[in-house]
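There are two complexes below, and they share subunit A, which is joined by subunit B in the first and by subunit C in the second.
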Partner chain A sequence: MKTALQQGLRTGAVFGIVIVFMALIGFTVTGPILLAKILGNAPKPEQMPAVSYLVLFLALTGVWCGAKASTPGRYSGARSLSASLAAGAAAGAISGLIVAIYAWIMGGVDARGTDLRPYLAQVSPAAVKLFLFQLGLPAAALAHLGLLVASSLGGALLAHLLRAVQFGRRVLGGLSVRTARVVQQARRFPYAIYVVYAVLAVLLIMLPRAWGSYWNYIIGTVGLYVILGLGLNIIVGMAGQLVLGYVAFFAIGAYTMALLTAPQPHALGWNFWLVLLLGLLLAALTGILLGLPILRLRGDYLAIVTLGFGEIIRIMLRSDLLTPITAGPKGVRDVMLPSIFGYSLASDVNFLYLILIFVVIFVFITARLQNSRTGRAWVAIREDEIAARASGINTFQSKLLALAIGAAFAGLAGALFASRNQFTGPEDHSLMVSINVLALAIVGGLNSIPGIILGSFALKGLPEILRELEDYRLLVFGALLVVMMILRPEGLWPASRPNLENHSQAAEPAAEKTAAAVKAEGD
Partner chain B sequence: MTICLETQKVSKIFGGLTAVDQVDLTVKEQSIASIIGPNGAGKTTLFNCISGFYKPERGQVLFYGKPIQGLSTDVIAHLGIARTYQNIRLFANMTALENVLIGQYPHLRSTWVDAIVRHPRFVREERESIEEAKRLLRYVDLAGMGDNLARNLPYGAQRRLEIARALANKPKLLLLDEPTAGMNPQETEEMTRFIQNLRDSLGITILLIEHDMRVVMGISEQITVLDYGVKIAEGTPREIQSNARVIEAYLGPGAAKLSERFRREKRGPQVHEHA
Partner chain C sequence: MSANRLSIPFQSSANLGRAVRLLIGVIIFGLFLWRFIDVLLIQREYGPDTWLRFAISGLILGGMYALIAIGYTLVYGILFMINFAHGEVMMLGAFAGFFVFEIMNKIAAPTAADPKLTLLNAYPVLAVILAFLAGMLVSSTTGYLLERIAYRPLRNAPRLVPLISAIGASIFLQNAAQLLFGPQRRNYINPDFLARGVGWNLMIGESKVVITYTGVFSFVLSILLMIGLYLLVQRTKLGRAMRAVAQDKKTAALMGIDVDSVISRTFIISGILAGSAGVMWGIHQGIIFYFTGFLPGIKAFTAAVMGGIGNIPGAMIGGLFLGILESMGPAALGIDFQLKDVIAFSILVLVLIFRPSGILGEALAEEKI
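Take a look at the complex of A and B:
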């Protein structure tokens, strides 16, 4: 009982502070708007949502708080109903108290007519009034307290009941067993994978026609980031070289395309496909030239030097000195769109096809490199560079090759990017691009191709879909990374090493033998 | 008999410390030689000079008469010197079989372009190298465990895997840095027999660092003793056992006299009986 109460107080304090924080950053407005949208009742733009949605939003938070407070830790035993409810009540009371105090302060400030927006951009008088449920002062504070205590108690009760029937465990356990069985059966049927490929191919061909240009644009962006992610994965994931200036190669591809095809500033008008190839080659060459001096560095030093390189490229592109060549800060407009034998690929559907074709090509290349002598050498360098060298790998050459191939991917993605937007400027190539690409590879799962595709969707696709959360993108991003590192430290879809020993013949008996052997040796 | 490895007055200096001081060492082809000495005597430093991790400040390292000091580690590996490490250095997140495949790296020819286009050369080489790796895993008694990640293998298996990786290099000279460290007597016994078998069946020259005297005295044909970076003795196990300087290096000054007395007392009655 005592531990339950303590846990309740702790959880309540955390949730109370979180709610105050959400109010300060304006999430107590955005959250209810999202809820209203989900329930098909969206308010007009620039308008506050109805009070009932705020109540629902806070109640849901309270339920979560109560459930969290009443759930015993992993190492403590089961908890009685009264202990659970006590924990829930304590959590509700504490969080309610914190929120009520906040409401009281805000109410006072608002009554005096002080505008807090110079300091807290999201705390407008309207938002404060909404947070006070459009009520007067003592009533609003009491309402907050009552709402949180009630919802928290409800959450505690709910969590207790669910624990009693072990709902969660049974459902999740059954699910994982079932998926495992499906995967196992699929393995036994070697052609299943081709069926999956065929379905994917049909989807990729059909969907762009059905989606409309907005979706095609988003998916195209995701596709470009998949290419970038695969390229960076070769450098960071396989060869283990932390290169943070990856955007530089992207910029080189984009500017090659822009400067050689756009009417301004050079009016060269070269052939699109030639320039595409040239962008790829130039990026690879830059990778080699950059790698020659810096690949002797390791870890943090390499990261910092490459970070600087990325910034140097961006600053050079916008410098006054180079304006006659690079068009300076205003960027290059009217970059050429692709056409093939006089047939224009300018429409969004055709351009998406073009991107998807390259995605497929690069996925294919990465997959083949992964399980080759070269790919294994990269992974060996990542694992232990000294031991790799003592095994006869020329680590310098290997790392240079990884950098060149990775850079080539980025060069091509950049060229496509410039052509698709028909524009590129220095600000398209900021440090954020490098960080995004690195983050998507880590979130998805380093070294795992499906992981990187998943990561691109999660980090580039989702933010486009959840436009309402635009202001919180970085916040959500940080939270997502923290949660990921706790729950799935190896990424959404972690990589696995190939089973080369028992590849074809009689996989299962051998696997059992392995397990037995490991066990025997362990004893 | 051909000389496999020779160091001539090799010195390695770290700042003010001379870790290896003008060491001469000669290892005959297809022999088992050992380097012993107290902790910090410079044994591993000498190994690192041979395998190219360090460039000695002075002196020469000759491998089959060819100077190799100052060459980079991967080139030395190509020439045919493979090694294991005092604290195991496997590629922890790769499978055991992949570790052995990495060992074969210098002997494989297919390039990254071959891999992308699935050139027949790549396919054939991949198949053959996997077969070879399986054979090596069987040889070190790790058959069936090739698909486990190296870090998940038990300690003894990791030691053997390290040797398998070194053997995949097809070395002429194998440097083993404390191959029985952390093993119980039975495992030590097995490892000793394994090393002897390596030389007998594969004809590889073996140079090892070892602290376990039973192993050293049991299998070495020649022992070199280092102390404070200086070679203080060299000879057969029997010669080393009775060498006064060696005993003092291990047990402190005066120990040689004590040991001599101990030996005489122990031998005394026996001599009596025979007489």
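Take a look at the complex of A and C:
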């Protein structure tokens, strides 16, 4: 009972602070809008959502809070109904109290007619009024308290009931066992995989014609990011070298395409396919030249050096020094669109086909690399470089090769990107591209091709669809990177080969023992 | 002979790497030398007053870099990880100081002599102290929470994992600040006695060099803080515990040191330094926004690496050195001032390639590099 209460208080405090934080960054407006949109009742742009959606939003958060508070930790035993409810009530009371105090303060400030926006950009008077449920002061604070206590209790009850019927193990576990059985049976059928491929191919051929140009654009972006993710995966996932300046290779590909084909500033007008190949090769060459001096550095240093390299490229691109060559901060316009034997591939459908073809090619290359001699050498280096060297792998050459291949992927993606947008400028190549790619590869699952495709859809496609989330995208990416590293370092769709480098379980028991011993001694 | 043939393919690419490194080094140093001679002796574009101006602004900047660099070095010395979010910790400290000044400037405190007087100028010393306290408080809290939430669960994970987590935390803090405070740049309102751009005038020949009050203030304060930190690490019990944990966590634990608490306190101390650096940054540079922490963070990391990461005096010297290099570099090399950020990054790359152990660092084993 006591531990349950403690857990409730702790969870409640965390959730209360999170709700206040969400209110401060404006998510108590965006979240309800999103809910309204999902329920098919989107408010007009620039308009506040209805109060009921905010209530729903807060109630859902409260339910989560209650469920979290009432779920016993991994090492403690089952919990009685009263203990669960007590935990939920405590969590609801604490979080409700924190939120009510915040609402009180904001209500007071709002009543004085002070606009906080010069300091807290998202706290507009309208947002504050919405957060107060359009009510007066004591009523609004009480409503917050009551809502959170009630929803948290509900969440605790729900979680307790689900635990009682062993929802996780019986229902979900049963489902996954059943799916696994179906998949296994399908696998016995020798041509099953070809059927899947055929269905996928038909879908990929049909869908671009059915979608509008907007969707084709989004899917094209996702495709380019799949290529980038696969490339980065070769460096980070397979060879275990954290490279943060991946955007530099992307920039080299994009600028090769732009400068050699655009009418301004050079008017060279080279052949598209030649330049595409050249962009790929130049990026690979840069990878080798960069790798020669720095690849002997390990892990974190490599990350910072490559980060610096990426920034150098961006600063150089926009500097006056190189403006005659790279057109400076304005960027390069009218980059050439592809055509083949006189048949233009400029339309969005054709360009999407082009991207998809390259995605398929690169997926194939990655899949073949994974099980090749080289791929296994990379994995060995990732797991233990010294042991890899001892077993006769030329680690330096292998790492260099990984960097070159990964860079080549990025170079091609960059060239395609510049051509599709018919424009490229220094700001297309900021650090955030590297971060996006890293995030999607890690969230999806390093070394897992379906994982990376899933990650690209989730992190690049989803925010395009849910436009409201645009402002919060990078915030969520940052949080996701931390959360994934702590909870699930192998990603959403893990690779089949276990990855020791990114997982700490092997080291954990011993370390925990030491920590426990130290703690006991300290007490 | 046969042994040789076996070893050549095994080593050749590493040798190639070494050769390329040497070649790059010779080319770069040759280039530098040529530019120096060209700019200093032949062209003589800048007089001694300009050089003095560059040196002063470099020293001031260097003091702040040093404070941030110490944070990197302390954490690296103990956890062998780069606290990637340290620049963001500094940025949040700068914002805290900004809000203190801003609020005090909003509260009127009229006197008979000056009816428009605000609290900020009525009690300027108090305002500055409060701003620094707020900056330190916010930064150290951020640092502490960062360690508790993002790093502690990954203490025993492989090295890449906490680094990725740190990158995530850095992006999170940056964007949280953007969402909270808005994307616009903000002007730091200083108390009148720290007005920007005003100071003692020094005559060098015909021209005048201004030594700004803000600059002197920041530099003196950063030196004081560094001395304080040095004493803390060398003379106090906590400092001894920190050094013990940095040397060997397990043995330190066996000697009765609470390792977790020492690590937490290390983050708090580096947060205090970063927070005061942030407020100084605001007072001296005048403009802050959510991205303020990124470049100083990376540069301070460069400084820490330059001085030998894990080495506290090294971080101080590296910071001052980097500040001077950065402010004099573009002029000395005769390149565009837009490229001053490139200098810091190039130094980082060069140091890591040629002397990863830094100026003062001991020769590190490969495990630590």
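Following the convention adopted for this analysis, the second predicted complex is superposed on the first by the 488 of 523 C-alpha atoms of A that agree within 3 Å, B and C clash if a C-alpha of one lies under 4 Å from a C-alpha of the other, contacts with A are read in each partner's own complex, and residues count from 1 in each chain.
Operating definition for what follows: a residue touches a chain if its C-beta (ideal position, glycine included) is under 8 Å from a C-beta of that chain, and two chains touch if they have at least 3 such contacts.
Note that this is a predicted model, so its numbers are computed, not measured.
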item	value
First (subunit B), second (subunit C), both or neither touched by A:Val482	second
Partner chain in contact with A:Val199 - subunit B first, subunit C second, else both or neither	neither
Which of subunit B and subunit C A:Ala387 touches, first, second, both or neither	first
Which superposed partner A:Leu401 touches (first subunit B, second subunit C, both, neither)	first
Which of subunit B and subunit C A:Ala303 touches, first, second, both or neither	second
Which superposed partner A:Ala111 touches (first subunit B, second subunit C, both, neither)	neither
Contacts of A:Ile365 with subunit B and subunit C, given as first, second, both or neither	first
Of subunit C and subunit B, partner touching more subunit A residues	C
Partner chain in contact with A:Gly26 - subunit B first, subunit C second, else both or neither	second
Which superposed partner A:Gly375 touches (first subunit B, second subunit C, both, neither)	first
Shared subunit A surface residues [contacts with subunit B and with subunit C]	394, 500-503, 511, 514, 517-518, 521-522
Residue ranges of subunit A in contact with subunit C within the complex	21, 24-26, 117, 119-122, 240, 242, 244, 292-301, 303-305, 307-309, 311-312, 315-316, 319-321, 394, 396-397, 400, 435, 438-439, 442, 471-472, 474-475, 477-482, 485-486, 489, 500-504, 507-508, 511, 514-515, 517-518, 521-522
Sites on subunit A touched by subunit B in the complex	365, 368-369, 372-377, 379-380, 383-384, 386-395, 401, 405, 497-503, 510-511, 513-514, 517-518, 521-522
For the subunit C and subunit A complex, residues of the former touching the latter	9-10, 13-14, 16-17, 20-21, 24, 81-82, 99, 102, 149-150, 153-165, 167-176, 179-183, 250, 253, 256, 258-260, 298, 301-302, 305, 335-336, 338-339, 341-342, 344-346, 348-349, 352-353, 356, 366, 369
Partner subunit A, residues of subunit B touching it in the complex	51-53, 72-74, 77-78, 82-83, 85, 89-95, 97-98, 101-103, 105-106, 108, 110-112, 114-116, 118, 122, 125-126, 130, 133-134, 137, 144-149, 152-154, 156-157, 165, 169
